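To keep things simple, chains are lettered A, B, C and D as they appear, and every chain counts its residues starting from 1.
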């Protein structure tokens, strides 16, 4: 077991480790599923291998089981190569070449929409097109660019498993067919064989569950690797990537997954699943036997358990939304409001709504707003706050703002 | 314009009203789209009518445009009847009768999966089955049960538009066909004509954009109507309903919607869209002209604008997750941690991780945890905290908890 | 065994009986297949029952095996009800309501084309529409009309098996669904329940293999029942019906059937198959166990054998096409051509081509054409012959025609 | 106009020429349709070019319009390459690699059945597989084998249009995709690029309408080119080829074609249609503008007219089937039956049925059967006749057969 490499390492006695151990033990007993064999080399996987890793938004990692076990990333590479293309070309250009709708079909389906685009970038056809979009100094350097960015996501240098790559290139005729269809549809860029080769290489990158957890956490917190502290993609690209994973990541089980787990995720035929609970955790699971939809049997069960027992479903709302107000005090005719944390539009609505009450409260003559504890102010929040201060002034209420950190500056 | 009825009403000068007005003005210029005519009565709609309403998690409502305009709820009834069925029968029983996957097809598609179930409860076939599942004292009272719960979601008594209902019952042969297919598949309960009639009635309930916004807000905050304060469905049912809306609510544009808007939503052919930003806002929009996918052209544009400009995308993460720690102070050998708000697993992980540092810090001999400001503690958080307190005790650190509100009691 | 009823009956020693017996014995050993149970009443069928009947173009019938065994006609009624509708309304009107393409799908598929029509009249949806098209003095008399014409095809009064009819009406919800879809598509005439009831009744008509063979023979010889001598439908309607059976009669095995058997046919879930070898034989086979495509296992095998061993494939050409010339003699300068049989365009082309040689042959001064043995002359043949006679006259060859039967009169 | 090359040439005054001229004139006025442009080189075709040719079963050819105009054969090559593969490998082996069912989809559809086979050999995917099956001394000689056999069908040496071939190889990525899918499905033999190149070459063979008519006539009369007199494929292979054309030759209009025309046919995107009326005529038509299904607008209209006006529908039965009896005479106690033409099973049934009457007729003591005019006797007919002669002997009727040509020898 290795949960120390490359980042802050909580002691093994952390109760979070205990939580993961309990899930792993419960789920390990599950039999059923079949190890993938459509790439001959994958058929050699140990069906008993099983590991889980979680990395928090602050970069703390928790790993249990076979966490040193390396396997090829396969389809889990797809959201990350999509992220590279979106970061380079923007959302609109990428989606001129590939759709964004769940196909309701298996991963290797021939799903081209009425515009000749593969249905989405999470099925093979769409992923090959996405790979073909990645820009680099020279065609021959494209894969190096992909490998390099995926390594930044993982926080360490990832390498190709040459045996799996070779096995895939020898038998991947269906993927070549998908490439030619996309070329005929006018959406694949460059040569089919080049795109397919780079796609086979990206699928053959070797990872551990901890790598998956760090990669997931990087998306979950908005594009900054929480272990290395490096920004890998913009917050917006990270959000787009989570969106695509959310709608198209689990093949033809997107709806069921959304209902039962509710964490944007991506699975691969080698038995890995990567899940990114927004703002919370990145999780990686590995266990080779797959269900009929091509998802790891134990991986799915572990994530269902994790989501259900530990409130990780992204639509699970706290009974009370977090308040942006650290304190609100009235002292005679003076109302003092101290704010805290990140103030976005939602938080600002609460603030301006509270300030507006001062206008109707004849006892209040002045208002002071303290921003010392505010870590950030979104553009929308800034606008709302400024408009309310004008309202107060118009109503004859004296308003002052203390902003020593200058968060009101755009 | 009416933004006062039935709840807290911010003054018209609220800058939030200004935000909605600005969006309404920008979007009102959009032409294109066609008013639905497949139910003859719908073809009479005023294509120029346009209103937007938003209701906050605290029940404050903001309305602009034609907010007094009544229209039939149509398919927007589907998630709410699904919520009734899930509340009555549980998720598993409901999904023995209807699937949970996006169909990638139009709303009136004949999408039965390999088990004979309609693909999901947001297409007509699935919605008719869901309606047939609702339990009541007698078959004849089923619709009254549906009307009554939808009224609780809206916070006022909703009534059927008899003209639209009649128009629908005379021309709804395709829906009868879907009902018979589901009966033949063994998933519809009772008589097809009864189910179809109740379905036509629920679609013909008359609402305003403010009704939609309140209904959405009730889902967005976990099942309690934020205007009336009444719990309508459990938090879990609300979450399931948001999940289904998220994957299947926007017909064959689920993926695009997730990417561009990212707010669980449901549209109806009369031109309404209901969107529930989890933990934040309920939004209702109405404008009859529809795009090819059957969604209101201006409604989609308004929600794209709202999501984009005001950070309502559910995967838009704040740069810094909200901290559960109101304050952390060390005074000599004593570490005092004051917590606040709702403490879930994610928050608890931050707390126990901070407390664990005390074990490694030889200067700290005692720890006090103050729960005065904590509004709730999830089961998972409670377990994590208890385990860490045991860890501290084992390490010889004296730990005390002040919990005057008793939030540690399950 | 009964091969005497209602027509010329060859003695049991006929070598044709021997041929059928040999096939029956070879095929009887085939196991496999399942008796249909989707209509509960059908599940009671005796899986061992097996009979074959053949009726020649001249009305001679040959029957072997369980030929007295009665069973319900089921889908085999479809081509005959199609024939009624085509006879009443014409081909174009009928096909405004139903398509003519093989659906490549099972018999109960929901195959509506882009115009809202069921794909073809041999799948259930299309057959229900066809039934709805049949005209009668009053809606309540429609089924009596259908029963009456099918009885003319069979040469005896057919009756409804009430148990099967009742069983079908209680469980036929999928067929009701297909009816409502067609009503919604604007192609079904009248009430869905009326159409479906008449469809269930027509499917429940009770027949024997000999009935099937006579019905098939009636189509095979162009619409005249060869046993009773009564014309049931026009030659053109019979041809249209054979065409539809040829392309759509064997469900999703039309191509395979065309390749291996090549006889227009229709099968039913009760285990019957009717096959009409154009100009040659009508065949009926009955054996309840069905293959996956819903065709009788032994029935298919028997017809494959019959087609293969006895040259019944409709594209099996004789090495030498039959000559229309009974004799051609030249006596000095006089050429005498005696014709025989039916002279169609193809035959006429041979005749005029032979006559044209006379023009180039300087020895021939006069030509005589004898039509004594000619049983009929098609319009096209008549035109061709007349044109050639003009050619001869223009070339100075004296031409005379003897036509005592007046076949040259239109 | 050229209707003389390479065979018997009727004078231009033949009334058959008149028939074709009339059809050509009526149809020439049809506008509508679009010249194919998906292969750039095809877009250069003259939309006004229009020719019709017919070749009779005896090799007489009739040509009108632009009959010297050369065009590429395109998809019309498919049935002939299928014929080569069936002739070499047998029906069963070929259909392990490709299905036999109409796909109900366009020519370039991706229709693989559940066994990984293209749906049929008339769609591109299936044709590429069929090409890959053709055996030759060396892979590089495969196309020469194809060209050589197609030339035998046409009765002259066909050559590749190099411009069209080049154009196709540069843009045929969709066909490459279909090839890779078939390779992945395990049904394509050898290299995809080799198969696709040979397929492009066979499509680029240059022909005239008269070539098409001769090729069609060769199939129509059972595999012997009626102009050259050479056997090209066996009678059985010709029948299989006509069967496949019948069910799958006209893309997604097989059923409509069967109903309205009823002649096995194959069309190509360059605007040609080849039709083979079994036992009667081969027809070739050329006019580039295509309808939505990809069939020549004028070509379809001309063949509908020809079938309808001139009784060429293969299910159009003569009112009276041709009799195998040249004469039947009774002279005292002696019955003399003179047979003629090809005697198959159907004819034999008539004969034995007539002979059987002699047993019941006490006046008849001896029977003589004369085979002088019989050109052939099928195995089935031979068996039936022998059995009946035994019956006669058993009944004490003296039977003699005169068979100077020895047709009773197998």
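The definition used in the following text is that a residue touches a chain if its C-beta (ideal position, glycine included) is under 8 Å from a C-beta of that chain, and two chains touch if they have at least 3 such contacts.
Listed by chain with UniProt protein names: A, B, C, D = Glutaminase.
These figures come from a predicted structure and were not determined experimentally.
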item	value
Contact distance in steps, from subunit B (Glutaminase) to subunit D (Glutaminase)	2
Greatest separation from subunit A (Glutaminase) - chain, by CA centre	C
Subunit A (Glutaminase) and subunit C (Glutaminase), separation of their C-alpha mean positions in angstrom	64
Whole-Å gap between the CA centroids of subunit B (Glutaminase) and subunit C (Glutaminase)	60
Centre-to-centre distance between subunit D (Glutaminase) and subunit C (Glutaminase) (centres being mean Cα positions), rounded to whole Å	22
Residues of subunit B (Glutaminase) engaged with two or more neighbouring chains	none
Which chain pairs touch, all of them	A-B, A-D, B-C, C-D
Residues on subunit B (Glutaminase) engaged by subunit A (Glutaminase) in the complex (per definition of touch)	10-11, 13-16, 18-19, 56-58, 60, 91, 99-104, 119-120, 220-222, 235, 238-240, 242-244, 246-248, 252-256, 258-259, 262, 264, 277-281, 309-323, 326, 341-342, 344-346, 349-350, 352-353, 356, 359-360, 375-376, 378, 380, 383-384, 387-388, 391
Subunit B (Glutaminase)-touching residues of subunit C (Glutaminase), taken from the complex the two chains share	110, 173-174, 176-181, 183-184, 192
